[in-house]
């Protein structure tokens, strides 16, 4: 049961949040300008990194904010990543 | 390969079982193979077996970084079924069921394929509609999947005792008679023994650390036991698909998610069917031949390579189980663990060539164990002939660029 | 009598206004409301019958007597027409319960994973309560709490509290 | 009788009667079922799993493998360890896995078959026929206890708890650690699975502070109970350590009478694991006979329960600890014939035996045991080999060393390491927030354990930034220090040497597995099933590892352990399931009209997002079809009413709302006037349908978006993800007001008259156009009325505040009586939807349909530079190819309603040749058109109108004509009236 460090509410149990996936997955600024191969990669593929990786989390039952943390997908050790807070 | 039988058992009993041969050799890896399979689980070992048996390729090696069957093959809930929604899925999973049923005889190794039947409860009109859609699609492909009433449910499951004020009352069920349970470790060992007997080198404690390419084509793999040259590499590494594919510069449409399972202490036989309480967190349970109630649910809600799960998943599924089987309240949880699923975007298996000639991928998806023989059969075909087997023609990576997904669930929900 | 020593009663009508504002709009709102808004998690501010709870970095809940609802709404909406702020009545969106008694924490700890011993009198938090979202307010530590859930979950929350209090449960064998 | 005249922590004034296998016995309060059975001279408790050999009591604690019973009163429960079951009056228990009884068991025939059933035999046979033919019999032999005949009614609880320091195990180390932590003021919790604290101290001989251990235990627990920052729980087992130090523990006897068991989720800043160690048996032929007992357990029965496990004991050990046991039994008046020590020259501990005239044979081993259902003689021979000599005894105390309980330490992913000096696996690297103290770390002398406990407690609080308490460890005089020379297997002798008692795994099985090239310890475990029984190998696993190491010529450390899988000890499903039964398993969300619906006989059904909604309102004698026909015709010809409150409602505030709407919807939104609404289609980024709904512009910068009940949360996620992760510059606030407003929809040609009759100041004339909304009063309350239609008829959605909903609903029903206003259920509105061909993203969407497939290209404005789903739609259009499109179906048979889910085949095809063309998504008998109609997904459907297809259902196959997916009022004139 992860303890997610929400920037506003503090550390709360994982079932108060929804995991929003990899934070290094950037939507192309102008999708119309990208070729199908790039768009297909953005749409379906994942880095799916084994180790420390950036993730979006949404504190849906708390402050309602989306924020990113850096979590090790093997040990589940979490470092909250400043900067991408909203 | 000395054949197993009751007589072989009796013969060896006379000599105190000292003369049994090795199940498989532990050879030193050769420097060069016609094909190398990365991953010594059911899929990898099965692929090697079928390469040798169907395609005459015996100069093949299986590299397993740990011990045979130590990945998801040793961590699943032993269920084999073919109730799926899409026309591309049903024939493929039916083939798996067919192969399983003959596999003990073919491998001369008892996989304990037990045809228990699977009962999925109907608890809402939405579930009823999807069950009908599945039943009809499967009917077209000759797979039986029929609706049954509560009386037949009670007859088949005597311990069925739903609480009177269930939040989602059970109004009936849909039943697949052919769904079976298979002893999971035996699948890996049976294929390993069969492949080894046909000349395949099975190398444990041999981790692939790199894939070497020359002008785009595969030339070999780097391992902790040196460089091995090969023109063809087949990847079947459940849970580490992204990690190994990245060695060949390839990104895959998968996310690694934990799938937990757990067992009760062993009790006398009380449950024959495989039961699915779909509307209560997708909980499913069955009783193994050893007497343990085996239980599982959906994936943990975030990516992880930790091979251990989060406890609320077990709490929710236990609450669900006790709503239908309250007599299990005083049974005890004996052991729980987690496998790692390479969950594809659309939830269906990926058996495919890639942009790198000579590099093929078999990503099992959510139901790796149930597809083991069919995936191995078709993956061997693909590796040997460099063109997909008809049954797996629509399960390639090209389905993502063409938008022809085989939508059986997967991560698409939260994108 | 089996069960924990706790009384559970619905909170009758009270006015609740959801207030959202970015940093530029905040001063406008504070002057229109006539008080400083709290900026730290779990903290609240109160003045002449109004209470403002900080729910997020840009979200507050204004609570007052039911009668003052429309006057407050109009006043705050007019004040913030030029800035990026939102004021909306949510008095009916939430249903509240007051829990009082020596064993109130024995009931709450079954549904709240927050560290209740670190939530002091006057503090509040939005959190997961049993299987739905809720706002929990500590009126008096260890003795009296208020719990607000979305009204569609009101019946569920009432039943959950009833069962958690062990009221009608017979003694274990 | 084996009850000693004095001593033991039992209450001789409270005798308790109990039954075992039907016979009555007597014990005392403070006994366990095991101690009481021993006192009553019961030797055989049950039969082993495979060979059905008679088995007695091996241990005095959680590691028990043999004394497994089925309890039938006061509650029914299978697989109970007799060593952990406190005796209660009226307890009734039965032996397991034997028939007709434990003394004479038919299953013992398996013993004769033994040569034919080595480890893994079942993989090599049963190949002639299908496995199910054999499984019918084999499954009956599996399993120990039986499922209780009746569901146990008890009430369970799950709670959350937070502490600074959690100490697991209240033995010497745990008590010391708790004292150190609590004295620093930290919030401290001490758990122990025993009835009383003390652990090994209770049966050890150590003197603390010049007195027996009990005084020190009493002093420490008294001080802890006096501090309000310390809590202590007895009979509570910590079963697992999970992410970020969440510890799951089960309290098996809570003080509240109405709580059967309580499951604790304990979030601890620091965990100190002081779980101690369990003694390991030795592996020699026939080492499973009743009367073979762990040396420490024999001492425990003497000291804690005043029971003599036997009257003439022999000890067989490879370490120093057994001598103290021999001395304890001797001093209690039990004859100790000899101590057989496999070591050549034991240390000072030998004095304990010699001073009491107990014969010690060094460099010797027990190579066999005589006696089937009770030890009668131990056969002793020099370790190097030689003729065995008998030693008469009815008790054989064995000690092969100690296994530190590193389970919870291993759950964190840390790996235990092998310690040569202790011949045991001890914790290796320590995770940052979990420490291990005492015997669990391989410290076996009492003084050392207490010191290590204080150290761990002080370290824990220090790492939390608190002051280290100054603690002076009490003076302890302990027995001789621990020393061991590992003896993994005793060679020679004919009998079966067991490494796993409960699963009947012998040394020969391990050798067979190794011979067949199962070399990994994980393979050995799975092929032989060693360590997979209900004790999970607590006593046996290290012996397996030792045996494998010897075969492979490697060290135990190199062989390594198998993964430790939670729970540490099995716990009931009842407590894991908690109190959430019946209605609590999933919230039942309601509206103010739900109660009215139930009161008026509505048949309820599960709608989206956990709402319960009326399916239809059957009048007496009406079938569903009758009721739906009546309700549908009422809406088409008169007036109907339904409760649309569960719809999702979000207020969007801010100047950038139109920009957001143009990003999430496929059409234009900049030109929407205040007071107007617009229908919109929302896509996922992969172009599939997400949801559709209407958004109104309430004010300049205030909009109200409504969406499908089932999709509400998905839409909220979609909006918040877009605003907070992608387009973070947009000035938009989203406020959920779903439950603030009730939505009562009056629909049908007479809707206007009903609204007028109920009383409203809103002008209902046609100037109130389709997709307008107006504010005013309805039935005396403030309301917003919108002209939105889901049924295809003229309809007014009356939005009033939730508190007025019931009152306005009843007013509308009263006012509408003149026009026979009819409440309609979701089955009926489903029929009306099909008649209009309104696509439902959750049904026709089927996760594969994009906007074009759904025939909604009319609402897609590709001239917009970007919106979510646009790029994927563009790709789908470019790729073209065969896609499934939404079509209408007119089945040939006017009386047969095709089943939803039926497959569509090329007409002219025989039904069974797999040429899958699509499937029926929604189907009904249309009362308005008086014929069956359906919506379906069909390959290339847009271009096949007028064609015929075969609808292959499970019951029947019929032909049907493909049409446009709208059967009624295609231009929408009625809803725009």
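Chains: A, B, C and D, in written order; residue numbering restarts at 1 for each.
We take it that contacts are C-beta pairs under 8 Å (C-beta built on N, C-alpha and C of every residue); 3 or more make two chains touch, one makes a residue touch a chain.
Here the structure is a predicted model, which means the values were calculated and not measured.
Any chain bridging chain B and chain D, meaning touching each of them, is among A; the list is complete. Across the two interfaces under comparison, C-D and A-D, the one joined by more C-beta contacts turns out to be C-D. Once the centre of each chain is set as its mean CA position, chain C and chain D turn out to be 32 Å apart.
Averaged C-alpha coordinates give centres for chain A and chain C that are 29 Å from one another. If each chain is reduced to the centroid of its CA atoms, chain B and chain C end up 48 Å from each other.
Annotation for chain A: residues touching 2 or more other chains are 1-2, 15, 18, 20, 36, 40, 43-44, 60, 64-65, 75-76. Counting partners per residue, chain C has 113-114 as the residues that reach two or more other chains. Residue positions of chain D with contacts to 2 or more other chains are 75, 152, 154, 158, 242-243, 246, 265, 267, 413, 578, 580, 583-584, 586, 588, 685-686, 717, 872, 875. Viewed as a network of touching protein chains, the structure does not reduce to a path, ring, star or complete graph. Across the complex, chain B is touched by residues 1-2, 14-15, 18-21, 36-37, 40-41, 43-50, 53, 55, 73-76 of chain A. Remark: chain D residues 75-79, 115-116, 118, 121-128, 130-132, 135, 138-140, 142-152, 154, 158, 240, 242-243, 246, 248, 265, 411, 413, 508, 512, 515-520, 522-523, 526-527, 529, 534, 536, 563, 565-567, 570-574, 576-578, 580-586, 588, 605-606, 615, 684-688, 717, 843, 846-848, 872, 875-876, 879, 881, 899-903, 905, 911-912, 914, 916, 919, 952-954 touch chain B in the complex. Contacts from chain C toward chain D in the complex involve residues 2-4, 13, 18, 20, 22, 58, 84-86, 88-94, 106, 109-110, 112-115, 117-118, 130-132, 150-156, 159-160, 163-164, 166, 169-173. Remark: chain A residues 1-3, 18, 20, 27, 30-32, 34, 36, 39-40, 43-44, 56, 58, 60, 64-66, 75-76, 78, 86 touch chain D in the complex. Chain D contributes residues 74-75, 152-155, 157-162, 187, 256-260, 265, 267, 578-580, 583-584, 586-591, 611, 645-646, 651, 653-655, 702, 731, 733, 735-741, 801-803 to its touches with chain C in the complex.
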